[in-house]
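For reference, chains read A, B, C, D and E in written order, and residue numbers begin at 1 within each chain.
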Amino acid sequence: MNSIAEYFTDLYKGISSLWAGMRITGKYFFSPRAIVTQQYPENRKTLKMEDRFKGEIIMPHDADNLHACTGCGICEMNCPNGSIEILSDRVANAEGKMERIIDKHIYHLSMCTFCGLCVKTCPSDALAFGQEFEHAVFDRNKLTKVLNQPGSKLRKEAK
Amino acid sequence: MLSRQELTDIIRIFEPDAEFPEGTQLLEVIVPAEKIFALAEKLKSDQKTAFNYLINETAVDFLTHMTVVYHLESTEFRHLIVLKSILSDRENPAIDSFTALYPTAEYFEREIFDLFGIRFNNHPNLKRLFLEDDYGYPLRKDFRDEINIIER
Amino acid sequence: MESESLILFFIVAIILVGGAIIFSTLVAPNSFNPVKSEPYECGIPSEGPAWIQFNVGYYLFAIIYLVFDVETVFLFPWGVVMKTIGMRAFIEIIIFFFILGLGLLYAWKKGALKWV
Amino acid sequence: MSSNIYDFSKLTGSVHAWLSGLMSSGWVTFTELVLVGLVFLLLYALLGLFLVYLERKVCAIIQNRIGPNRVGKWGIIQTIADLVKLLLKELIPIRKSDPLLFNLAPFIVIICSFLAMAALPYAKGLQAIDFNIGVFYVMAVSSLSVVGILIAGWSSNSKYSLIGAMRSGAQIVSYELSVGLSLLAIVVFTGSMQLSTIVESQANGWWIFKGHIPAFISFVIFLIASTAEINRGPFDLAEAESELTAGFHTEYSGIKFAFFFLAEYMNMFIVSALGATVFLGGWMPFHIGNWEGFNHIMDFIPSAVWFFTKTFFIILIIMWFKWTFPRLRIDQLLTLEWKYLLPISLFNIVLIAFIVLMGWHF
Amino acid sequence: MSEEIIQDVIIGESEDYIINLGPQHPSTHGVLRLEVCLKGETVKYLNPHVGYIHRGIEKMCEAITYQQIIHLTDRMDYLSAHMNNEAVCMVVEDALQVEVPERVKYIRTILDELNRLASHQLWWCAFGMDLGALTTFFYGLRDREHILDIFEESFGSRLLHSFNTPGGLMHDVHPNFQKRIKDFIKYFREKLPEYDQLLTGNIIFQNRAKGIGYMSKETAIGYGVTGPSGRGSNFSCDIRKIAPYGVYDKVQFNEILETGCDTFARYKVRMAEMWESLSILEQLVDNIPEGDFTAKMKPVVKLPAGEYFRRVETARGELAVYVVSDGNKNPYRMRFRTPNFSNLFVMNEIASGYKIADLIAISGSLDLVIPDIDR
């Protein structure tokens, strides 16, 4: 007799546990507001990444096309993957001293792991993280970028 | 939990040849390769020490010799020691397997065999774990792979 | 329509499947690659043949099923006439179920319903 | 009786009469056959596509997603796009497979589900073939698809497929019993196996209400067992993708795979339609006893609408099962059938026979 | 049927039926290959093959500085990236005897727990899906998204945030950090009971999970199975209790131990750990002290010659870092004792004799992350 009672309580418990699960899914079925999907390509205009989002490395230039990179090479040294290459020149400045300026600050996005060491260690805050996240391209070579804009110059701090 | 000194005393009795380097973070015991298995067996079965949990087993290549390092813990008393054994024969290094004491050592040892080329005696299934059979032993310091490793 | 017209449905189904497959073979690309035509086993070459003698567990259930299904087939005619015959049919089916139940119980006790 | 429900036999009759006026009787039969074939082909394809779309939408909403929404309004022609894609996919031949059986399997599963479609009463007077053993016929034909699945799994010469096919064989074969016994319950009530008679007998109330608790138990057993018989979650062991990747149709590609997929959904439709016909009154409107006024209003809703509403209600329940529960294991599956469902349904039949004997049903 | 095919049919049951699960299989959670020998549906024995994504992280570490190692540890157990980072950071801090600011400790602990929650949520999704309950996957991911949003706001990345650095943190957390965590706790306290109703209580799930994959305490210790998997076998192995780091000695929490030793016990441990993590978060989130986000460190970190060893509790068990330094800026030898490595190889022991469907449940309950095994 006891086992029969057990059989039916088991049956009841089993069915009610199934019903509990079905209630949850049923609840969401009838609450379409709970939908969390973001319709990505359509919401591009309203899509806003967080300020600190690590999309890619950029070198901010101001309105006069000036940047802050002195070409010291610390970012190149600190990058664990070798994704930064700096080609620098030595040119004479107004006082006749030889001074190092960057020719090209090359950034291999394909090798970057977004660890942030270059941005953190840059002594002149020349690098920053950009918000761009759509990196897909058809040609691998396009992932190699030159960060300093053509014709840009080093910003001279007022001493 | 036994203190460092107490453990040192106990191990001295178990294994008179053991050396205890000074100034290490954890208690380290350096034992000759042929005696390490016997010591570990005693450490595991002894009531006071009861080192029943092998946290880590690895090896280090020092170019002149190799060291096999074991980190042992007792889940009961929570004391922790480091067993070490120095293998001076780099060409054909071999040491006893711990598999009989700690089943997990089987795979740690396969990994060490794979990456360092240290052979383990009495190992049930000493095959390479990650790499192909004809690959070198990459964690040895004199390993060179011209194709895949770019030196900077 | 008469039941002979099932042949019609048969033909239509064959046309549906055959037509689509023929269309597909004509339109779809076709390339040969020895690796592609291997049976799928997660990207690893299959070890040994797939066709071997298989676990008896599956067949055991098939055999028990065979017994019970034949019984069920007998039950349907009974179900149709149950209303008209009444008491006699009821008593007969109780006897029938008693024997059937004994059979199930026997199989149960013998462990035939236990998965091996 | 519900005399004011539109009888589709009037329509078919007038078509027949119109055709007879145009041509000789042999040609009339031929034209009618072609017409019926075309209508069913269309129905089959549309229903299949719609069911796939419905399932994707339902599971999406349950999972807080939107589901297909790019192709057409609300993604409604997404499945058609998928079908076209599958048609254009390469059919990969499997080395060392059994080519004859490998190609035969999709035919078998489709033929089985197509044949079962023929006997379903879609509306009053709209039924291709009204067998006097209708219930039995639908049950038998729809369960034949296990042969196709077994052949598919075996002929692929893949280990996953073979295990999937074996599982599916043991499973379908077992649950066949419970489906049969739960349908038998209504046969006992009605005293007929003809689907049209069963529907007519529910003019004053559906069997699930008239047949007391045993009929309800039968309905629940039918729901569980038929879900298992059509290989749907939580009983989808034959194609358990976390264990067997895709089970019996692992090796099928392109349109051949699509046919297995289609047959699965059509089988779902067939069992739901059968359940709706037998337990929920088929195309019969919702009637309550002698409430003439109420019954009269209900009669204005076309019978086909009633049929499809009930069918899709059952389909939604089956989908709800699938997207809620984890999958059973093979031994639990068989235990559920042989140690729970079968004894319960045997006992249930006796109970129903007793009710019928005493004349307690309405 | 051709002659050749007939000959292929083997007569006799003695033949082993060997099936490969993986590397391309939906339920191995990565490129793991299990060579399974079957008899009918029952697993006779199985043989794990690893190494499909071996990247040689230990070798790479020998060539780079300690700051640079951080970003590699992210990629071992990518679901507990923060704990992996913390282990390396703490080894360096130990060796240099740097005292990190109190604020850093608090934030690290909070991130540990958030990361653990995110990891357990993902495990719950995947475990449900392994057992065929497909809806769990979406509910789990839906809730995990909130944690990832918190990460993104503060560190700029969602999964591999490389946020720790030896001595402290990369930069300070976002001003919204505390508020968002509090919102999340409130949100998740409502959602977690739904998990129980949907899956834990479900009779089918319980039958699938109970009594499956029995792993005794001795087996767990012998094979070094740590983390929630080990604690399901009543093996007390929580490093947060044994050797507290961060501020774990200042918060109240229980080490969850289950005596069931089966798949369901491991499941229950993880579910209970989610509640514990929530309560730890609640205790910490309001008490983050003000202060620096990093200790003063030299730009080039050189560890004094010697050997250092440190353990942390990741979401999957005990991660031990063993460093041999020769006084240079690069480690001489870096060894990661990763939890999944040990957790994987117990599979043969605990899955033999069960059905193939149970094998999937068992591997799901061990919560394996394959890059952590291969490193």
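Everything that follows uses one rule, which is that a residue touches a chain if its C-beta (ideal position, glycine included) is under 8 Å from a C-beta of that chain, and two chains touch if they have at least 3 such contacts.
Everything quoted here is computed from the prediction, not taken from an experiment.
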Chain E and chain B - chains in contact with each: none
Set of chains whose contacts include both chain E and chain D: A, C
Top-ranked pair of chains - ranking by C-beta pairs in contact: C-D
Most widely separated chain from chain C, with each centre as the mean of CA atoms: B
Whole-Å separation of chain centres (CA-atom averages), chain A against chain B: 42
Euclidean distance of C-alpha centroids - chain A vs chain D, Å: 51
Chain centre separation (chain B, chain C; CA means) in Å: 59
Distance from the mean Cα position of chain D to that of chain B, given in whole angstrom: 64
Multi-chain contact residues (two or more partners), chain D: 62-65, 96, 159-160, 167, 245, 323-325, 330-331
Of all residues in chain A, the ones touching two or more other chains: 18, 21, 24-25, 36
Numbers and ranges of chain B residues touching at least 2 other chains: 152
Contacting chain pairs - touch in the sense defined above: A-D, A-E, B-E, C-D, C-E, D-E
Residue numbers on chain C that touch chain D, as the complex places them: 1-3, 5-6, 8-14, 16-18, 20-21, 23-25, 27-31, 34, 36-42, 46, 49-51, 54-55, 57-58, 61-62, 64-65, 68-69, 72, 75-76, 79-84, 86-87, 89-90, 93-94, 97, 100-101, 104, 108, 113-115
Residues of chain A touching chain E in the complex: 13-15, 17-18, 20-21, 23-25, 36, 50, 52-54, 78, 80, 113-117, 120-121, 129
Complex contact set, residues of chain E against chain D: 1, 4-5, 8, 17, 19, 25-27, 41, 128-135, 137-139, 142, 198-199, 202, 204-205, 207-208, 355-358, 360
Contact set on chain C toward chain E in their complex: 41-44, 46-49, 51-58, 115-116
Of chain D, residues touching chain A in the complex: 58, 61-66, 69, 320-321, 323-325
